[in-house]
Amino acid sequence: MSTPFTHEIRVTWGDCDPAKIAYTARLPWFALDAINAWWEAHLGGDSWYQLELDHNIGTPFVHMSMDFRAPVTPRHRLICDVWPSRLGETSVTFRVDGRQDTVLRFEGTFTCVFVIADRFESQPAPPALRDVLIPHIRGA
Amino acid sequence: MSTPFTHEIRVTWGDCDPAKIAYTARLPWFALDAINAWWEAHLGGDSWYQLELDHNIGTPFVHMSMDFRAPVTPRHRLICDVWPSRLGETSVTFRVDGRQDTVLRFEGTFTCVFVIADRFESQPAPPALRDVLIPHIRGA
Amino acid sequence: MSTPFTHEIRVTWGDCDPAKIAYTARLPWFALDAINAWWEAHLGGDSWYQLELDHNIGTPFVHMSMDFRAPVTPRHRLICDVWPSRLGETSVTFRVDGRQDTVLRFEGTFTCVFVIADRFESQPAPPALRDVLIPHIRGA
Amino acid sequence: MSTPFTHEIRVTWGDCDPAKIAYTARLPWFALDAINAWWEAHLGGDSWYQLELDHNIGTPFVHMSMDFRAPVTPRHRLICDVWPSRLGETSVTFRVDGRQDTVLRFEGTFTCVFVIADRFESQPAPPALRDVLIPHIRGA
């Protein structure tokens, strides 16, 4: 059984638009930050930057889908629950749910594939990543 | 019959990540810029900013979904085709397809609802916006 | 004697450009995040958002100056030292020094003035803010 | 005598903060976009991306200084005047003035040095760039 992973984001003034809520285009950015933090926490400090530069592994996204349930504001920290929800031969899907003050603000799914970074060439999920992902997979 | 609307984006160095392609989180940002430009072109120069501040109409997003087909880079202008693909009583869905050098790079659907801006209270699609949207609707 | 205030930033993949370092335009963004965090820490949780919306105080910037000493990367947390370095009748200057792994990466000064937010009208430094700033002022 | 170069930016809703003006941290971003566009216009379509990847030339910034004269909003296009104001042995300084509706909104100076990109090693201004810069230099 894996411990649920959460990533905390400090939403600020500069994230907000004149409607006084975080601008829509900031929300996928936050969700990707949370996925990057998931990797960092589960790969001993490595995240996309080290995967690409030190291990020659890229994980480009092929799909994202988000539902925005309630506005995000700077009045509370944004707590993102992140977990891998499906692992295929060549792709992995992450689920990210964002909450503030216990209220769900958005939920999204993000699917990436695996590439040999310096050739941008598809590859199956590298075993080292697969081993890290498998114990944490739970349905969406 | 409406003329297809396109919005051109200059992708730059600062949009790219170390994989030398536009960072994933920039792509929904580009798509929203394109939708905002659609409003500006069809509302005589008004876009989200003027809708909110001058007309008290907000259009918060409730859903976005994007498929990333090929990397976006600064080597070509990004041409976004934008059109409303579905108009409901209380929501409108926009489709945005991004192309570079004739190759489809991403396609996405973005659904927003309508609110009375200063109360953030749901309202049906305001007639003035409905009239502008209807002649341009075509299926996704 | 005031305790030096530091704000920690997680630099990520998405902050970096194809040179594999944080894009220049992200660095003033980081510095402003650090100043916003300074206010939050010293105003009992309020920062620019609450100052503007709850207290009708705006602090627009009139000047920024930054020297970039060494590249910022995701390999270390970015630690920003923030302090007010000069308080005038109508303005305050913040100093922000960014370090990674003990090495100075940038240093900057940022001057803002005070406005009555809903009228965007200049005002002297509000007494409540002045009282919070004074014990922390030290030269640049 | 060189023709003055201007770069036009469409300021949008997403660039603005709850004060209904472009967020301070967006302004250096706009200015850098304008400098990048200057290179593109004067290097036959090449800008930072192509300089780095195709010509192995990097131009990291070592200093920026900006004065913010008046708020930037989406109500007008932002017109940036860009020119090189000083060329040294190993550095070049660009001046960027941003205007909306004929009113000066900000002015800034931005100094970069030259590096051999794949080694991030200092070099004198490459002759090909020097030749392009010299006819356009005018004092700040």
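Order of writing sets the labels: A, B, C and D. Residues in every chain begin at 1.
We take it that a residue touches a chain if its C-beta (ideal position, glycine included) is under 8 Å from a C-beta of that chain, and two chains touch if they have at least 3 such contacts.
Chain identities (UniProt): A, B, C, D = Thioesterase.
Just so it is clear, the model here is predicted, and its values are computed rather than measured.
Peer 1: Roughly how far apart in rotation are subunit A (Thioesterase) and subunit B (Thioesterase) when fitted on CA atoms, stated in degrees to the nearest 5?
Peer 2: Copies differ by a rotation of 180 degrees.
Peer 1: Taking each chain's centre as the mean of its CA atoms, which one is most distant from subunit A (Thioesterase)?
Peer 2: The most distant chain relative to subunit A (Thioesterase) turns out to be D.
Peer 1: Return the distance between the CA-based centres of subunit C (Thioesterase) and subunit D (Thioesterase), expressed in whole Å.
Peer 2: Using C-alpha averages as centres, the distance is 23 Å.
Peer 1: Provide the C-alpha centroid distance between subunit B (Thioesterase) and subunit D (Thioesterase), rounded to the nearest whole angstrom.
Peer 2: A distance of 28 Å separates the two centres.
Peer 1: Would you mind pulling out the distance in Å between where the CA atoms of subunit A (Thioesterase) average out and where those of subunit D (Thioesterase) do?
Peer 2: So the centre of subunit A (Thioesterase) lies 33 Å away from the centre of subunit D (Thioesterase).
Peer 1: In subunit C (Thioesterase), what residues contact two or more other chains?
Peer 2: 13-14, 16, 18, 20, 24-25, 29, 32, 49, 52-53
Peer 1: Help me check something: in the complex, which residues belonging to subunit B (Thioesterase) touch subunit A (Thioesterase)?
Peer 2: Spelled out, the residues of subunit B (Thioesterase) in touch with subunit A (Thioesterase) are 18-19, 21, 24-25, 28-29, 32, 49, 52-53, 58, 60-68, 71, 117, 120.
Peer 1: In the complex, go through subunit A (Thioesterase) and note every residue touching subunit D (Thioesterase).
Peer 2: Counting only subunit A (Thioesterase), the residues touching subunit D (Thioesterase) are 13-14, 16-18, 20, 23-25.
Peer 1: Any idea which subunit C (Thioesterase) residues touch subunit A (Thioesterase) in the complex?
Peer 2: Listed in rising order, the residues of subunit C (Thioesterase) that touch subunit A (Thioesterase) are 10, 12-14, 16, 20, 29, 32-33, 36-37, 47-50, 52-53, 73-75.
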